[in-house]
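Following this line, the structures themselves.
Each of the two complexes below includes subunit A, the first together with subunit B, the second together with subunit C.
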Partner chain A sequence: MSLSATTPVTGAPARPFLRHLERAGLYLALSVAAFLSVFPFLWMLVSATNSSGEIIRGKLGLGDQFWINLDNFMTQVDLPLVMWNSAKVAVLSTVLTIAVSSLAGYGFEMFRSKMRERLYSLVLLTLMVPFAALMIPLFMMIGQAGLINTHIAILLPSIASAFIIFYFRQATKAFPTELRDAARVDGLKEWQIFLFIYVPVMRSTYAAAFVIVFMTSWNNYLWPLIVLQSNETKTITLVVSALASAYYPDFGVVMIGTILATLPTLIVFFVMQRQFVAGMLGSVK
Partner chain B sequence: MADVRLQAVRKTFGVLDVIKGVDLDIRAGEFVVFVGPSGCGKSTLLRMIAGLEDISEGTLTIGGQTMNDVDPSQRGIAMVFQSYALYPHMTVRENMGFALRFAGMDKQEIARRVQSAARILELEPLLERKPKALSGGQRQRVAIGRAIVRNPKVFLFDEPLSNLDAELRVHMRVEIARLHKELKTTVIYVTHDQVEAMTLADKIVVLRAGQVEQVGAPLDLYDDPANLFVAGFIGAPRINVFTGQVTARLPGAAEVRLDGFAERRLVIPLTGEAPAEGTEIRLGIRPEHLTEGGAESLPIEIDMFEHLGGETFAYGRSRSGETIIVSTRNGRHLKAGQVLAAGFDASKALLFDAAGLRIR
Partner chain C sequence: MALSVSEPSSGRSSQGRAGARSASLNGWLFTAPALALIGIFLVYPILRSLVLSFYAGKGMMLKPAGFSNIVRLWNDPIFLKALVNTTTFFVVQVPIMIVLALLLAGMLNSDRLRFAGFFRTAIFLPCVASLVAYSVLFKGMFAVDGVVNSTLMAIGLVDQPIGWLTDPFWAKVLVILAITWRWTGYNMIFYLAALQNIDKSIYEAARIDGVPAWARFLHLTVPMLKPVILFTTIISTIGTIQLFDEVYNLTEGRGGPADSTITLSLYIYNLTFRYMPSFGYAATVSYVIVVMVAVLSFLQFYAARDKA
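Our next item is the complex of A and B:
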């Protein structure tokens, strides 16, 4: 005689109908949430195949205007140049931000000092200051430095990111101090410990930070709008925005621009998806 | 192999004295164990020897050279950590050869040393694995291997077996003892486990609150502890302690009365002068010295037992309320509630004053 045949089922009595209903409700709510999230993206893809007039009329089906829209876009925009500008700014900004902020996060966590927490609090306080409040003094500083219309004007203010410093410090709490001790006994200097032990061990944290900073930097609009005034330096977000704010905007062309502006961030996210999730959960297991 | 000498070594964190002046001589090739309760400063002292903590005052010499301000990698030491501290992104082979590679050693010599250490520690089949693919015991062996390849003058072990299960701990303990016999290198080993200390050490250093309580061979500490703390820390189960008073000074002995046993007078032989009549004392008797026979005997009511098969620990209370443990090889017949006439030989009893210092 099997155990399952003789053992009475304990706990709440099974109520399959209620359980199915509960599950159905859950799936419905999740489906609505998923639809609301994905719809703008789908709408963007579909609209890129329609003419501006069809988009304004609210057409939701696929059209035959894609190649025309693309051709119009390519004639209006120097795509290689704006993509290069965006890529240059995003990659440099990401690499520099991560390099500086991870060093700061490592330092804040690893080195004991009386001033450590006070200094760290000051860094965190900068998170409370809205960018709108910084814009004008920052613009004046950049202007006085003669950096208007240069990509350095975008890179400089973004390098030391309080949020990424915070993120790295929190992640560093899980970095075993005994690894650092072992490395010191093995003869490594502090910078070597950082480079040869910390960075490889924390690679998931770096990957997650890369995704976050790259997306933020690629999608950055307001500050580039203020400091990049010549067409030669403009990034894709500025160009798409300019297309949309024309006197008679061609929304089909705008949608092509939006797709092209979205593609790199999508690629980065999908390529680094696993590392991103691991990094958000913590590098050190 | 080198000797290690600590002279008036202190460590302070701000106003906090963590190590309060330690003097210690460790001979070349000796296996020394630092033992003591949590927070006694044993790991801090080890880290000071390793160079991972600064020495606030005093002098540390290794092989006759002052090492206070020398970089950890230049001290001729190798350290094994409690959590193994293996580099997770490197294979076992890379982990073991990392320090040598960094020191600029020839690749062939690195390979030879890694291979030799792997053979000693039976790690050869695991050399291409990453640490996460190893068991706790294997990781610990890699950590030891990483230390061996450096051919250090002094091995430092910081509670290396604490993360292992009981069976593996015993196995690794034997491995470490065998390794020391083979390599004949000076070893400084930190543990809070007195069994590890007793079984591995040539010399035990008992620490409490940043101070050395006693230094000596394991059995010397067991048989002749300097104070009640050492007597309590060395030996498992713990030594039984009775409170009482001196009732008379006798030639070469003290007559004492124990609280709760007013009718009994015990004569404890001493090599020195007995304390004055009326002096408060503590009488320590090891559990294995309390038996059902013996010249002196105290009635102990038994509460519970631990039958280990070969021997039995009977837990009871003295009449004054102290927990008393009796260790016997013939205890299967004992029952809870039974009053045991726990006998002992007075020459095996250890006498301490009220402050816990030994009266010999």
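Our next item is the complex of A and C:
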């Protein structure tokens, strides 16, 4: 290393050529990574305009089959019903999850007791429980309750989320306790403090949690696959999966389905990108 | 149920003051709904699974069977295949992905990088795709005459199409490629967030001292990110051990060709919902996942702690 040649004032490199080469390599590597990351999305959009045969043969250009694919999709799938099912499940599950889990996160942080700390450790431990080990007893429970083929069967096990409880407890540590104490002096009840002070103050935390829970719920697959067996209750994720696993899948139709399944989460992502990233990072603050 | 959580009087109001009592009551009121739901839909089923794993029989006709399910595991070629496949997936895929994500984060963290926002968003974008949607897309892209094979042949990398979905080896490669595509950006975001908390002047000093980029990465970035690397390694491993959506949708639920991509979760699903249901044996297989997740989490945790 030619240390003597450096000029610390400007931070200019010793060997401009190598430095430029390094720079070019940096941009090249990042461009390749960005291209590979985005390509399947572009391919999905382009393929929706091609016929199934063209898609399978690797056609890369735009075609004129979009309306035919859409038409075929609409005849095979009751689109309004399927989207309504997906939206209903995702929105209800998001609202309930956030309500129950934020109450708990707030409760664990604000009202400490030895017993609750023990239970909180137990809650955190459930983060490690694989869903595969739950699904058989859950299926038996839901079956005994006569809830197979209902959306309640999807909602019930998803409402209390250990991760979202953890997320809210961590976020609550930053909630100024002076606000709470002042409200207590003013005679507000604890639930009023939560509803009228905590929730508005923590709205960015709520936004981030909303994005993350909505995404998880919209994309949920294994549990709905088990309990939703009739066409009347199926979500878009299940429909796409069924279309693609046909003996001879019509990939043009499948592309329309994947676009519809991806669009809502893409929109949420681009509209609330900051909250999205904040939600994902929730646990490492 | 072990959790009698809605019982307000069980709170410890040690001083017996009215304030402490009401705090305790409120503490239970705020946490009770979540605790009750977790008790019913998480704690109870995981214990029920454990009990079930000692029962055998078809459908709901279950009889106590001692350790026969565990014996059955070792004589079940599909289980052994699923175990080997699942292990292969996380042993090969997680390190590749973590290294890639670290490299990308290191590159995106370079100073005076232009279009950093664009690159970051683009590389993060796969996280937005649903697991089913992207698996289906990959199935189409990696068809025999599909866009990937025709591109590889056009640039002369291969002479004949690769059987991504028909060859046992390449099917595994496809699963690994797919998961890596979906999750690298996710891990990268964790590293980028951690890097933002690191004082840039350390890098500046190293750069001025002539430390090359790769050495700055290896001796500055990686050690400083160690806690985050550990965290992402654990969650990625736990996620990959539970792999289901991708293999199910790439292989029409079969884990083929010839069980070459079948995972433990997929096998449990098939045991329960595809074949004649054997809940007891499927519960035993599911406890193999529980044990794997627990053991690996503790191993990774302690490995990182010892080196610290």
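Definition applied: the second predicted complex is superposed on the first by the 253 of 285 C-alpha atoms of A that agree within 3 Å, B and C clash if a C-alpha of one lies under 4 Å from a C-alpha of the other, contacts with A are read in each partner's own complex, and residues count from 1 in each chain.
Here is the rule we go by: a contact is a pair of C-beta atoms (placed from the backbone, for glycine too) under 8 Å apart; a residue touches a chain by one contact, two chains touch by 3 or more.
Everything quoted here is computed from the prediction, not taken from an experiment.
**Q** Which term applies to subunit B and subunit C once both are placed on subunit A by superposition, clash or fit?
**A** With subunit A aligned, subunit B clears subunit C, so fit.
**Q** In the superposed arrangement, does A:I197 touch subunit B (first), subunit C (second), both or neither?
**A** In the superposition, A:I197 contacts subunit B only.
**Q** With both structures placed on chain A, which of the two partners, subunit B or subunit C, ends up touching more residues of subunit A?
**A** C
**Q** I'd like to know which partner A:L266 touches here: subunit B for first, subunit C for second, both or neither.
**A** So A:L266 only meets subunit C here.
**Q** Does subunit B (first) or subunit C (second) touch A:L21, or do both, or does neither?
**A** Neither partner.
**Q** A:D186 contacts which: subunit B (first), subunit C (second), both, neither?
**A** first
**Q** Which partner does A:E178 reach: the first (subunit B), the second (subunit C), both, or neither?
**A** first
**Q** Quick one: is A:L42 in contact with subunit B, with subunit C, with both, or with neither? Answer first, second, both or neither.
**A** A:L42 contacts neither subunit B nor subunit C.
**Q** Which value in Å is the smallest Cα separation between subunit B and subunit C when the structures are fitted on chain A?
**A** Nearest C-alpha atoms of the two chains are 5 Å apart.
**Q** Enumerate the residues of subunit A that count as touching subunit B in its complex and touching subunit C in the other.
**A** The answer is residues 284 of subunit A.
**Q** What part of subunit B is in contact with subunit A in the complex they form?
**A** The touching residues are 47, 50-52, 71-74, 77-79, 81-83, 85-89, 98-99, 102-103, 132.
**Q** Within their complex, state which residues of subunit A touch subunit B.
**A** 176, 178-179, 181-188, 192, 197, 200-201, 203, 284-285
**Q** Give every residue of subunit C touching subunit A within the complex, in rising order.
**A** 3, 5, 10-12, 23-24, 26-31, 33-38, 41-46, 48-49, 52, 60, 103-104, 107-108, 110, 113, 118-119, 121-134, 136-141, 143-151, 181, 185-186, 189-190, 193-194, 204, 207-211, 213, 228, 231, 238, 241-242, 244-245, 248-249, 252-253, 264-265, 268-269, 272-273, 279, 282-283, 286-287, 289-290, 293-294, 297
**Q** If we count contacts the way the header does, which residues on subunit A are in touch with subunit C in the complex?
**A** That would be residues 1-3, 6, 8, 11, 13-14, 22, 26, 29-31, 33-38, 40-41, 43-44, 47, 55-60, 100-101, 103-104, 106-108, 110-116, 119, 122-123, 126, 128-141, 156-157, 159-160, 162, 165, 190-191, 194, 215, 218-219, 221-222, 226, 237, 240-241, 244-245, 251, 254-255, 257-258, 261-262, 265-266, 269, 273, 277, 280-281, 283-284 of subunit A.
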